[in-house]
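Please find one structure pasted underneath; my questions will follow.
To keep things simple, chains are lettered A, B, C and D as they appear, and every chain counts its residues starting from 1.
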Amino acid sequence: MIVHEFKMRVRYADTDQMGYVYYGHYARFFEAGRAELIRSLGFTYREMEERGVMMPVAGLEVRYLRPARYDDLLTIRSGIRELPEKRLKVYSEVFNEAGKLCTGGKVTLAFMDGKTNQSMDCPEFFLQVLRANWSV
Amino acid sequence: MIVHEFKMRVRYADTDQMGYVYYGHYARFFEAGRAELIRSLGFTYREMEERGVMMPVAGLEVRYLRPARYDDLLTIRSGIRELPEKRLKVYSEVFNEAGKLCTGGKVTLAFMDGKTNQSMDCPEFFLQVLRANWSV
Amino acid sequence: MIVHEFKMRVRYADTDQMGYVYYGHYARFFEAGRAELIRSLGFTYREMEERGVMMPVAGLEVRYLRPARYDDLLTIRSGIRELPEKRLKVYSEVFNEAGKLCTGGKVTLAFMDGKTNQSMDCPEFFLQVLRANWSV
Amino acid sequence: MIVHEFKMRVRYADTDQMGYVYYGHYARFFEAGRAELIRSLGFTYREMEERGVMMPVAGLEVRYLRPARYDDLLTIRSGIRELPEKRLKVYSEVFNEAGKLCTGGKVTLAFMDGKTNQSMDCPEFFLQVLRANWSV
């Protein structure tokens, strides 16, 4: 598996009138977390697209346990638990500064050929990146 | 059950560089759909908060089937299939102008006392609104 | 000149913990207003891009006079006061349900050749659309 | 004057189908920049609100010179050039990784008593923070 932690601060733009982070904004936190996970492997999602592979999101699941609030420095823990074939699943957990779990989620991403817009298997070059960083 | 349809147009702000609606923005579409479902019952979520009841989101599930694109006039079909006790589940489907399903989802909302921030059962006044509009 | 009014409701996603619409979200309201102004002329911004002309934003000015709040049905009045040459200026005013001015703004848009990414003059086909609808 | 620099990465959520950062999202970058400027003074905007002072935005001006793009690590330079009386003006500049200016802007913030919602002068405790860090 591969696990990565990344810190990100809640901005006013993220809050709603309940004083909580709006439920839709966790998608952005999860996205940042998985982009930084990939960067930690010596690769970037930008390079993925430059190589002609897009990764549209196919599924999202989120459980909201505790509200995150303005100016909280959140820790986003992103994890990949299995090597992808047609789909990559990234597990995301968001912790507040007290170390309490605010939100847990799973994002399922597809692989798509950027020229044909056809779905494809995980490209071999990305599997190699994952395998090189895999820990049991 | 209660079903309601509402139309909403995709704005440039909703798109991302893939040319699709960003996956996190469906939360906003779902929110608009369920607000309009409640309005169609002769009630509003604003009144819910004015009566001291907040409805924070406890869970979100989304499946992305087809991309929605800039300027598409989406139809958001929102449905309540069972009377809530501690949680209200709202099912959302987003269709494009060709009538094809782009996205399906489920949002689970809790009921919270706005003064104490304690979770509570669905208030009786809201159950009455739902029952008065319920169809089998 | 050309003036168009469009109604748009404030969603929870638009609010911040002050209970107001977050200042950055007016950009989205302005965008919707000018897209609907263009649609009212029998043209769409989507067609503009399909004809190879992009209109990136070059400038934005906003004055915030009164807060807009959750569930307000805002009226966005968009106006074009002069025929564009290199730049199109769109004036936007946002009124609340009581008819009070919440926000006034101006967005300056450039014309850009979508293939070369070079700035260009307003295309003749768009000038014709504007002239056909111009009122003194 | 007081100047502070802060780095922030462009996320997919920030881009639009033109492949640029959507013009409205700079408000969020500016907000993050000025929050971090205040934090660099040993104070936070969160504390400001805890002391009963809100700072709603009264005005925004943005000039867009170059597009910022996905995954760019932007530098946001925020500056205060004059001690506030009724209004605080924060100047923001956003640079891309090549050091080129993408966007320049000015945000004007009011001071408001959080209990009465009446506008007020800049509180003395914040003036002291600014003076203690002022450089000529």
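Rule of thumb we're sticking to: contacts are C-beta pairs under 8 Å (C-beta built on N, C-alpha and C of every residue); 3 or more make two chains touch, one makes a residue touch a chain.
In this text, all values refer to a predicted model and were calculated from it rather than measured experimentally.
Asker: Among the chains, which one keeps its Cα centre farthest from the Cα centre of chain D?
Answerer: B
Asker: Looking only at residue numbers at the chain A/chain B interface, is the share used by both copies over half or under half? Answer same or different.
Answerer: Looking at both copies, the contact residues mostly coincide.
Asker: With contacts defined as at the top, give the pair, B-C or C-D, that has more of them.
Answerer: Of B-C and C-D, more C-beta pairs in contact link C-D.
Asker: How many angstrom lie between the centres of chain B and chain C, each centre taken as the mean Cα position?
Answerer: Result: the chain centres lie 27 Å from each other.
Asker: Could you state the distance in Å from the CA-based centre of chain C to that of chain D?
Answerer: The mean C-alpha positions of chain C and chain D differ by 24 Å.
Asker: Name the residues of chain C that each touch 2 or more other chains.
Answerer: 12-13, 18, 22, 24, 27-28, 31, 70
Asker: Across the complex, what residues on chain C touch chain D?
Answerer: For chain C paired with chain D, touching residues are 18, 20, 22-28, 31, 54, 56-64, 67, 107.
Asker: If you look only at chain A, which of its residues touch chain D in the complex?
Answerer: Residues in contact with chain D: 9, 11-13, 27-28, 31-32, 35, 44-46, 70-71.
Asker: Report the residues of chain D in contact with chain B in the complex, numbered from low to high.
Answerer: For chain D paired with chain B, touching residues are 12-13, 15-19, 22, 24, 70.
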